[in-house]
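Once you scroll down, you'll see the structures, which are given as structure tokens.
First chain A sits with chain B, and in the next complex the same chain sits with chain C.
This part shows the complex of A and B:
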């Protein structure tokens, strides 16, 4: 078993690992004598079904209901009548632009984060599993992937804010003013570095299990057949890792696209990405019916997420083949 | 244990080109570049808290003032911290009292529902917190009527937020233990259902439970979106508020929370892997 706490921090991530879990589970049971099999098939009493209700109730009330309410609120107007006008509101330049901004930001940070994160995983290949290095990197990744938001805004203001350590050092020592054309930290391009600060750790968490799934035997087999390390990566390792790399990349995209806290803490009043646009619609009391526009934007966001996650699960299914 | 221990040195000696990872030079470059990227912002935060009124002069005054407990200026942060700790406890309670029994029950009695449970538990990844918030307001109107407006009620929403993490942690442990055989062995020795769960199954799942709890605590301490938009006070919202009047204190608290979550996860991860190695040997 290769599970660690941090492996678990990548929930959807390795559904593939989930599959291999059940796979290893099944093996001992199939090797059990046939006579033991019927024991598991037992009459499922009413009491057992009752035992599922607390969780079902909880999920319906706090997961299903809010989601349905959020989407449904996009289809009613201020008086509670059915309308499609909120959906047409999505075409407003400011809102369409915020979707585009979030899309662009998520794509850039997902690609850069995936490459940098994969490089870090690659560099960690030598570290022993369950060793101290792995523990430290895993735990740090878990914390940093989660601890976005306010703390991240502080960190980057202290680093590359107008009076940040790096800004001042560059100005006084190297005579380079990174803010020559105005302060960009609080704009969308300024979010790239802070976003990478949680994207790279997420990549480490999600991609490391796949990289560890590479069997040394495959490398040995390639070498036996006269292949070099380059042949191995190009013809064996690369093709096997590609689906999980792309899957992790999609997960990073989804992560950035749905992120709110960092932007909210850093950007302040501007609403250039969609999650900030939703905040604006939720808290503005001045324009009537704006709250329902939030519902329409929530629907738009959800659609993007569903498409991304469907592609992700398709990729994970491909990955699963090699992780048995 | 032994065969692997023998195989490794032999492979290295025989054929250095069979090394899978990068060479020492490439590795050093990767570690240095990424290490700097992650350490410089943290170092900058520390440097920021040590700045004094005179540029270039550093002092520990702010840290000392914070821990001397003399001023009441930080009451709001302490309130937020207190709320977040309560939220963490209630969220872990939800995970242990609602999610854990369900996973065990599905494993023992409804194996066909395993896929469905997994899908439901991973769903919150797909639904951004900001989307949930849009729909949470009516739900919380009801919650407030039933339980009052105490800040701990936010834990109901957080239980959903941590669901994917907690599920993965517990499920990977469940996958490694044959719960069916264990529970039937205990039942045949006359144990009641409660005894089976508490004294047989839970001890066998302690690694997963520990990991799920630690992750839940880390997630709750870092949560901002839902608290902020439902106008609740938790650690992160109070930090953002305080940062507008006293950025130094906010940064100190952010650093402390970060270190706390990191140490918590390292300790749990070490506990888990030490135990695993011991069980592997025995």
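This part shows the complex of A and C:
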């Protein structure tokens, strides 16, 4: 078995913050044989703090400060006085419904993305490590997992929009009208397809290292002890992979839940997910004076993200046990 | 917004207006040496030191920041070109597709910077809620503006208004729709779109109001309109794309409910024609739904003289006729008709039955749309 050190070079980053930064999210792969390299002692002191400063500054200025400002805006009224009334606004049917809508959309794309992504990973196990197929899927996944926002929305409009290339081809050549009952691409359920476009590659990136970490020796050991392939998956492989699978699932959920630009570019009408409700509260010229409600909704989203990311990091810690 | 409230105060307002303009006129002569600081607070050309001083000061500033008024909205391009040609002042447009609320937000966020908006073209409810950001100014032609269509000190004034109209691509839709009932027919499958989301954009909320009026409802309660859209959705005729010039040109939105002044722009746009689209529009029989767009100068305008000169230009016959040509009703339409300065070739005729939302109706409509719209079409 040839060993690579590509995965081992990237440390696991599990901050609740940089969702988009999935590339750094690779877990340490087990491809480094245990004890092959001596662990360097962790450096401490002034040097380490100095090294951390640019990153810390970046996080504070571009993440922590805006988050505090946004959430704080949920606790004042239009005149800047303290109030809790924005929080009660969260119970409005339209807003509660948008939280439900975001949950639903995120859950569906996370589950489908996780299953499809995991299947792709299993398929990749059959390909030679370092081979063309494997590196192609690897690099494509890394790129596509970051492909979102307005570009992704436009790509979908141009291919399967009402007048998209594929839509028109299907209609004129195959006489199939995919929009027989209305153009679903611009509705919240229509977001499932574009979201999967980045969810599946993200699953491949996060789950592949775990799968690669399964050692052939474990299968051999099971066989030696008289276990079948099924026993191996049920008693050894499955339990080892489960936390990693669930962790990736949560990451996918968080990724979809916090998405805004793709949805904003595609969905104009029914703002049934919470990030679009925030947009509406901020910019509406027909329903006025709800800008502070946006802060309360941001707080709601933040709480969901904190819970999800805490669960994620707990699962990652559990996964890591088998990946040393 | 309406005008009921303003009408009640009509006489008082008119008296105040007369008094103010008289005093302004008398003050004009002595203010001929006005510098830029006094121009920043000038409430008409006279208090800015006269039109010549205003023009000179505006030319010195050299540019004007405009927000959320794309050239293809209400024939603005012709007005931009006319203004720049006449005064040599560059126009810097920004945030073409922003809402009225975003215009105010931009003024707040960019305050003190030279990129902040100088003037606003703004829907009525947002204008009423944000008068503290406006500088009072009365351009020439102020007295031609009906009392109900201006704030009496000049904080805002209607510039032009439009009626809701049904636009369609005549290459795809062979017979023009004659009623909202027609739009539910199978030949409109997946076709009918709005210009924006009614919970966000006044043009789209206007379409729901129009649907309400056309389905026997009143502006007090837009439920009939929301229900109609939910029927449209069930019939499979609803198109969730945001109708814009580019979606019309690409054929994404073959039917669009929008203001008459936008429809006329679409019908004459070369880009849309080159997309193989033959755009036409109809105002259906029955009560017409009118939407006002107001003009206001930002209190913190980085180019206070250019902003005031721009307003003088907007209320001149040239710009008013440009709006008319673009399918809008300019606010001085009646006075210009009397004076014979209206380009009658472009005049679609007086509206006989119109409905305009009052401030309260607009608030109620917002509340209703906020709670029902997403489910009606989601």
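Here is the rule we go by: the second predicted complex is superposed on the first by the 240 of 324 C-alpha atoms of A that agree within 3 Å, B and C clash if a C-alpha of one lies under 4 Å from a C-alpha of the other, contacts with A are read in each partner's own complex, and residues count from 1 in each chain.
Assume a residue touches a chain if its C-beta (ideal position, glycine included) is under 8 Å from a C-beta of that chain, and two chains touch if they have at least 3 such contacts.
All values derive from a computational prediction rather than experimental measurement.
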Practice prompt. Look at the residues of chain A and decide whether chain B or chain C touches more of them.
Written response: B
Worksheet item: Just chain B (first), just chain C (second), both, or neither: which does A:301 touch?
Response: first
Practice prompt. Give one of first, second, both or neither to describe whether A:186 is in contact with chain B, with chain C, with both, or with none.
Written response: second
Discussion item. One more residue to check, A:271. First (chain B), second (chain C), both or neither?
Written reply: second
Worksheet item: Which of the two partners, first being chain B and second being chain C, lies in contact with A:100: first, second, both, or neither?
Response: neither
Practice prompt. Pick one for A:48: touches chain B only (first), chain C only (second), both, or neither.
Written response: first
Discussion item. Quick check for you: in the superposed arrangement, does A:125 touch first (chain B), second (chain C), both or neither?
Written reply: first
Fill in: Contact residues common to both interfaces of chain A (with chain B and with chain C)
279, 282-283
Worksheet item: Any idea which chain C residues touch chain A in the complex?
Response: 98-102, 105, 123, 125-126, 129, 190, 194, 196-202, 204-205, 233, 236-242, 250-252, 362-363, 365-367, 369-371, 373-375, 377-378
Worksheet entry | Residues of chain A touching chain B in the complex | 1, 3-13, 15, 17-18, 21-22, 24-25, 28-29, 39-40, 42, 44, 48, 51-52, 54-55, 58-59, 61-63, 65-71, 73, 116, 119-120, 122-126, 130, 132, 135-136, 138-140, 142-144, 146-151, 153-159, 164-166, 196-197, 200, 214, 216, 219-220, 223, 228-229, 237, 254, 257-261, 264-265, 275, 278-279, 282-283, 294-295, 298, 301-302, 305-306, 309
Response to the item:
chain A residues touching chain C in their complex are 92-94, 97-98, 161-163, 179-183, 186-188, 267-272, 279-280, 282-289
Worksheet entry | Residue numbers on chain B that touch chain A, as the complex places them | 11, 15, 17-22, 26-27, 30-31, 34, 37-38, 40-45, 47-48, 94, 98-99, 101-102, 105-106, 109-111, 113-114, 118, 120-136, 138-139, 156-157, 159-160, 163-165, 167-169, 171-173, 175-176, 178, 180, 184, 208, 210-212, 214-215, 218-219, 221-222, 224-225, 228-229, 236, 239-240, 243, 247, 250-251, 254, 257-258, 261-262, 265-266, 268-270, 272-273, 276-277
